[in-house]
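These are the structures, in structure tokens.
In the two complexes that follow, chain A is the common piece, with chain B as its partner first and chain C second.
Let's turn to the complex of A and B:
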């Protein structure tokens, strides 16, 4: 299951006034790849759905913000 | 009538969490059915869960008083709606 985080590398110029942000990340949750939700997708139990924020595993997105700190001067 | 039910005992929070979980699934199914009106399985599941939600809410209200007001919940005697705890105190 590929991660739902992608990254890109902003241009870093010699005259940038601030320390460069070399890597920036963005999320690609599953709904971007699902035009119309099919019927009868497998479901989580109510308790799991409440915790995970969706009823359908196919649409679950971990949204892991920790990865975005890479952008702060990370290489 | 069961023994005096203390607010904040495990059953209190267990019932509330189950109600919260069912309500969340009902929201998801409701939104899904908005765009899939002909999905019989989802509709059947929605109606089943609605029935379950009524049963669960009634069970809670028998023990701990009304969940809602303005005629959406019964109240015991004396009037219970403005008793503690309020939702933000739970």
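Let's turn to the complex of A and C:
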């Protein structure tokens, strides 16, 4: 499965007041790439599906909180 | 029709990492007396004002958009590198919940911009007096913003913007004088 995030590198100015965040990330969840959901996709077990919120692994989109220090400093 | 120059009207330098200041600066972005309200007010009133002052409203409205861009630059510079924790500490947790780090047209308390902030009465004197009042209120807001930071570079840009309000007020007052002019009064030089 391909990555569900994309990165970009915003302009960092020589006179920015705060230490830069050099990499910004945004979400591209799986429904963007499916157009029409095909029939007979592999399924989670019912118990797993209840927990995850979807019956199909192909639609599962995890979201990890942005760590507040992520991307800070570095080069 | 407009021609866009990809530069700011006046340089914006922000030297102090003071995220909270962004929350206050947004007042001039989407507040009642902010640059967006000013630009849209003049841009719209100019259709139903005597010919002699249409150009003035167009010019000032255009400049207000240039000021809007400067305020946006200040806010962006102060928030783009802030962590979620820093935003929360700066009182921008409510903003993050709705907008991440995106800018939005609301005032310092998060109230969204509304067209109810502006008026077009169709009466040239009433409209110009509103415009004068708007310039004076914007000047006052800049004064309070200057009071709230000790970043001299940020203060420099804010002082430029405050001065422009003074000049705009003068130009609007002159427009009133032009409209007051009696057609058959003798001109004595």
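Just so it is clear, the second predicted complex is superposed on the first by the 66 of 75 C-alpha atoms of A that agree within 3 Å, B and C clash if a C-alpha of one lies under 4 Å from a C-alpha of the other, contacts with A are read in each partner's own complex, and residues count from 1 in each chain.
The criterion applied here is as follows: a contact is a pair of C-beta atoms (placed from the backbone, for glycine too) under 8 Å apart; a residue touches a chain by one contact, two chains touch by 3 or more.
This is a predicted model, so every value here is computed, not measured.
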For A:10, select first, second, both or neither according to whether it touches chain B, chain C, the two together, or no partner. second
Between chain B (first) and chain C (second), which, if any, makes contact with A:54: first, second, both or neither? first
Who does A:30 touch here: chain B (first), chain C (second), both, or neither? neither
Touching A:40 in the superposition: chain B (first), chain C (second), both, neither? first
Name the contact category of A:20: first (chain B only), second (chain C only), both, or neither. second
Contact footprint of chain B on chain A as seen in their complex: 36-37, 39-40, 46-47, 49-50, 54-56
List the residues on chain C that touch chain A in their complex, please. 13-19, 77-78, 80-86, 151
Name, in rising order, each residue of chain B that touches chain A in their complex. 17-18, 20-22, 24-25, 28-29, 32, 35-36, 39, 41-42
Name, in rising order, each residue of chain A that touches chain C in their complex. 10, 13, 15-21, 66, 68-69, 72
